[in-house]
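Each remark here refers to the structure printed beneath this line.
Chains: A, B, C and D, in written order; residue numbering restarts at 1 for each.
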Amino acid sequence: MYVVLKESATSEEILELKKFIQKTGHGALEILDGSIKKIGIMGKKDGLTKEELKEFSIVKETIKIGKPFKFVSREFKKEDTLIEIKGRKIGGTDLILMAGPCSIENKEMIMDIAKVVKENGGEFLRGGAFKPRTSPYDFQGLGEEGLKYMREACDKYDLVMVTEVMDTRDIELIEKYTDIFQVGARNMQNFSLLKELGKTNKPILLKRGLSATIREFLMAAEYIVAFGNEKVILCERGIRTFEIATRNTVDINGVALLKEKSHLPIIIDASHGTGKKSLVEPVTLGCILAGADGAMVEIHQNPACALSDGEQSLNFQEFEILCKKMKKTLEFKESLKCL
Amino acid sequence: MYVVLKESATSEEILELKKFIQKTGHGALEILDGSIKKIGIMGKKDGLTKEELKEFSIVKETIKIGKPFKFVSREFKKEDTLIEIKGRKIGGTDLILMAGPCSIENKEMIMDIAKVVKENGGEFLRGGAFKPRTSPYDFQGLGEEGLKYMREACDKYDLVMVTEVMDTRDIELIEKYTDIFQVGARNMQNFSLLKELGKTNKPILLKRGLSATIREFLMAAEYIVAFGNEKVILCERGIRTFEIATRNTVDINGVALLKEKSHLPIIIDASHGTGKKSLVEPVTLGCILAGADGAMVEIHQNPACALSDGEQSLNFQEFEILCKKMKKTLEFKESLKCL
Amino acid sequence: MYVVLKESATSEEILELKKFIQKTGHGALEILDGSIKKIGIMGKKDGLTKEELKEFSIVKETIKIGKPFKFVSREFKKEDTLIEIKGRKIGGTDLILMAGPCSIENKEMIMDIAKVVKENGGEFLRGGAFKPRTSPYDFQGLGEEGLKYMREACDKYDLVMVTEVMDTRDIELIEKYTDIFQVGARNMQNFSLLKELGKTNKPILLKRGLSATIREFLMAAEYIVAFGNEKVILCERGIRTFEIATRNTVDINGVALLKEKSHLPIIIDASHGTGKKSLVEPVTLGCILAGADGAMVEIHQNPACALSDGEQSLNFQEFEILCKKMKKTLEFKESLKCL
Amino acid sequence: MYVVLKESATSEEILELKKFIQKTGHGALEILDGSIKKIGIMGKKDGLTKEELKEFSIVKETIKIGKPFKFVSREFKKEDTLIEIKGRKIGGTDLILMAGPCSIENKEMIMDIAKVVKENGGEFLRGGAFKPRTSPYDFQGLGEEGLKYMREACDKYDLVMVTEVMDTRDIELIEKYTDIFQVGARNMQNFSLLKELGKTNKPILLKRGLSATIREFLMAAEYIVAFGNEKVILCERGIRTFEIATRNTVDINGVALLKEKSHLPIIIDASHGTGKKSLVEPVTLGCILAGADGAMVEIHQNPACALSDGEQSLNFQEFEILCKKMKKTLEFKESLKCL
């Protein structure tokens, strides 16, 4: 359920209403949908009644949300959500290109990459310090050391840091360093992790699970919002199908459908989505045009020598070209809206 | 195996070589790859030897093709194939938008649709006269009557006709009417049908099977080429996955990969690929940018009343907008090549 | 719709009713469901009315069938269907084990295999004369020559012959030789083929398509029945999933569900279903216990030298053991019914 | 790598070798494979050499393991592993049937169910106190209260307790109550959780992920073993495919293949695997015959009123019949070995 507020509502009145909602054990999510103020009432089903809410004079309407995913849906909020982080806006017309290596291997490499990202207009540095690896015998990441290197690189080049968290116990540590938490595909339904991240204040990049339906994906996002953090960025990174010529199958239908069903920003990760560097550019650009707000790519000084995911990483030159084409594609997409 | 010919080769010499190849029980596929003449030698594995071929002075080189799909591969032909039909060129920069109803319901409807297609710059009319239907109790199409209506509509508005063939026994009849044969997804591995169509002279629009891998898709195309008809147009129309929010999952990776691996033109059918009219535009445009050369869409005067596939059909106004955006997208794609 | 007849109905009365039904353009499918006579009325939706049928005094009841698949459903017929062919009954407690090579390679091999099949209590010989092959360059089968060898082997050892038909044009030829037509997975939705086979009189072994749902599978069976041939044997042979450790994924849920939803007999083909000879025995026995009435297996003198599918073929000794265990399993399954 | 020990090796000598191995930073996993003693050397790739190990006189052989999954493979241990817990043996011929409700709803219900489980020869009580739910608004389980009820029920009826752990932070709490930890499908690749459970001493029931390949499943088991706990029970619970007639698709091929590739015991969960109560019995029995060592089922006093998963839960009478048939099936399976 949510309430639509009258335009005349003052801050004091809104605060009073929110306190009332919270006192009944519900969450109160205040948003601005275009020029309309709304408050989402989250939590227990058998909680507040229409009548109780209507007693507040600033309440114009109370509306039930039909969908199982509620506060991430367009039913709740019609306008696209913009997530601001360190002056960048995710979900609008800015170039959002999160780039970096699969794993941080050492300080020099992350410094070099950060420089290249910045020079080409990328504003986000991604990289793994804690790595989910299929085999216990594979390189598991540098841990806190990796976080430190990344932070240093981001500070030096004024980049926004994105890194993965895999364990509720690591949230506190990682929060000291990162700007955006990433939840990996394998943890999309790690509900303990989602709940804890819902209690933090930083944007969450939520990757779609390998066999998660669009509905489950949005429900996972709903978990984070329901526990208090509405800054969720969705990331399509390919689903698992019978096709073996590519590592995964990027769901372009899903990208377009997410844009239709949800107000949250969407990012496309064609590196994992295709698993082949030659496909990263066409698939990234195609998904941007189909609705994605930004992209994530793996880049590496020397892809052939990467400790992980080398065959899907772009080299610096390929990255430069992708940046240029992506900027053009974002402009072109904007121009189509006027037709 | 194929041979590369010397530039100096005369038509007589080439003819002589082809006759020799055919006499040994092989097919001889003559193509122009950019400015280079090549002859593909199709058929029996243990046939001609390098040595026999080298005896012809116009043979510059003989090259083995490593892939299981041979004559549809980039290994055989580096340049994109252009398929000409009634003055239109499929596989280049022209707007290729095949539009029409799922089933031809009566003469008036197909005439109306043909008019709209033409007015918006579409040059191809698609429609089903023989319909593959999951249930024996559903409408199975108008048969020859439908073919006649379509032909009349195409003649009146100067459109290229595309219609499905489901049975080897119908090829002769349908050939009298159509310009392009369509092979449906369910028949992608109907090898009898592929072989017979290989013996015809008209372009074949081959739809990818619901669970066909890219490799199997190219092998099916190879069947048609191996039996004598190199005019194959590939059509991605979505694969079957666990996702139920959309009818199928359009494989944008596959589109990009087909472009990389094969010289044949690729068409995207987002109507079947998504099953939802609201997704047709974003997914079509996205796939064009990712590599598709054209698109196929279902349109209908009144989608809500269509005898089949109503919920994925565009109305005339939506079609008009798609045409405009698709033209812009093709131009934009061309402009990116100069970056 | 179907009608339930009174017990007192005479053959003359039933014949009269059937003629009436057929005169209205419907098919009339007469069956015995336990001790109850029923007539299925097939075809046009807006055909006969309850009232017209009730005028025949032998009509006890008229019943609408709710499911999209009608005459193959348990709603129409509660008792399991037994299909008799040359004295064997498929669908009951007999050992139904269809065995033979993927492709018939020459006369000697098929004679040897036939002997082994017979000696171990198998009553059905399967083998491919017309082969659907992914590549046009692979061995396509011996054609009519293969049919002749198979017929000779079946006559010599008193076996029932099962072979695949891929093309409507081949039905007449194959019908001269075979006892049971097989429709391969790739042709499960080749509706032209299904319709033509519906007009024949011999049992049809219908293989499930690689990505066909249970509903689509039953609808394909319904096609054959709706066109006049109720002798359909369903064959589960594995579906296509993301798993690559096995060739396909045998759907044991599907086996149990088909038994629940349909009265038709079900056969399990674990050779194609697993693609690995070591898995054929456990998976076959498991599916028999879960509901399958019989099995199909590939066997070969020397699997390592088979022209196709060698790695999934059993040798003669493995086949002997499977026969023994399968007999025991059928008995055990019967014994569980008394618990 | 592992070493095969000479028969003459004394406990002191073995201990000495293990200490040496551990001092080099490796894990040392001592097992008895039939009558042969082996020590698995786990961890760093570039660790111990053959030569160093051969210096110990009790070392008969050192063997490299080729597979990516090492200590869970048959290459390391040929004989089936028996996991003993409170006098029951999982992995042999005992009836292993873990039964209980999806969620523990209150004390009375779990007491009633425990009684029924015991009376029918079940020795394991399963039930969820911490529930992974797709929606944040669904019932999330009773938490510690549920654990207490379950422990009480297990103590009263002498049953082995199995319950799910979803979060590394909960391990300590749950360990106080449970006998076996369950890792749910959604957490199969929650590597932090796997590592921590590897440090505990209790058996781990590891459910296969919805889209996990057999290889990934065994790698997840390998994580637990590699971190020190070799008591892993694999659980097939259906994979996600295109089929929508059943909740998931039970992979009977996978059951047979796991038995071939790994020495670990395998349990089949046909409740989640099929999602339909009518299919639970046939699919459970079929998978037992195909190789599973035991089963897990959901039961409920009144399935129609269950707070979760009602349509896949058996009632008490259906459970009683399943128990009887499962015992018979285990005996029958044993008898087949003598053929």
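Basically, contacts are C-beta pairs under 8 Å (C-beta built on N, C-alpha and C of every residue); 3 or more make two chains touch, one makes a residue touch a chain.
Composition by chain, UniProt nomenclature: A, B, C, D = 3-deoxy-7-phosphoheptulonate synthase.
None of these values were measured; they are calculated from a predicted model.
**Student:** If you tally the C-beta contacts, which comes out ahead, B-D or A-B?
**Tutor:** Most C-beta pairs in contact, of the two: A-B.
**Student:** Using mean Cα positions as chain centres, tell me which chain lies farthest from chain A.
**Tutor:** Taking each chain's C-alpha mean as its centre, the farthest from chain A is C.
**Student:** Averaged over CA atoms, how far is the centre of chain A from the centre of chain D? Could you give it in whole Å?
**Tutor:** 35
**Student:** Please tell me the distance, in whole Å, between the geometric centres of chain A and chain B computed from their C-alpha atoms.
**Tutor:** Averaging C-alpha atoms per chain gives centres 38 Å apart.
**Student:** State, to the nearest whole Å, the distance from the C-alpha centre of chain B to the C-alpha centre of chain D.
**Tutor:** The separation of the two C-alpha centroids amounts to 51 Å.
**Student:** Multi-chain contacts only, two chains or more: what residues does chain A have there?
**Tutor:** Touching at least two other chains: 211, 240-242, 244.
**Student:** Hey, which residues of chain D end up touching chain B in the complex?
**Tutor:** 211, 240-242, 244
**Student:** Quick one: in the complex, what on chain A touches chain B?
**Tutor:** Contacts found on chain A: 211, 213-215, 238-239, 241-246, 248-257, 259-260, 273-274, 276, 278-279, 282-283, 285-291, 321, 324-325, 328-329, 332, 335-336, 339.
**Student:** Touching residues of chain A toward chain D in the complex: what are they?
**Tutor:** Residues 43, 45, 68, 70, 132-137, 166-170, 186-187, 189-193, 195, 209-211, 216, 219, 222-223, 226-227, 240 of chain A touch chain D in their complex.
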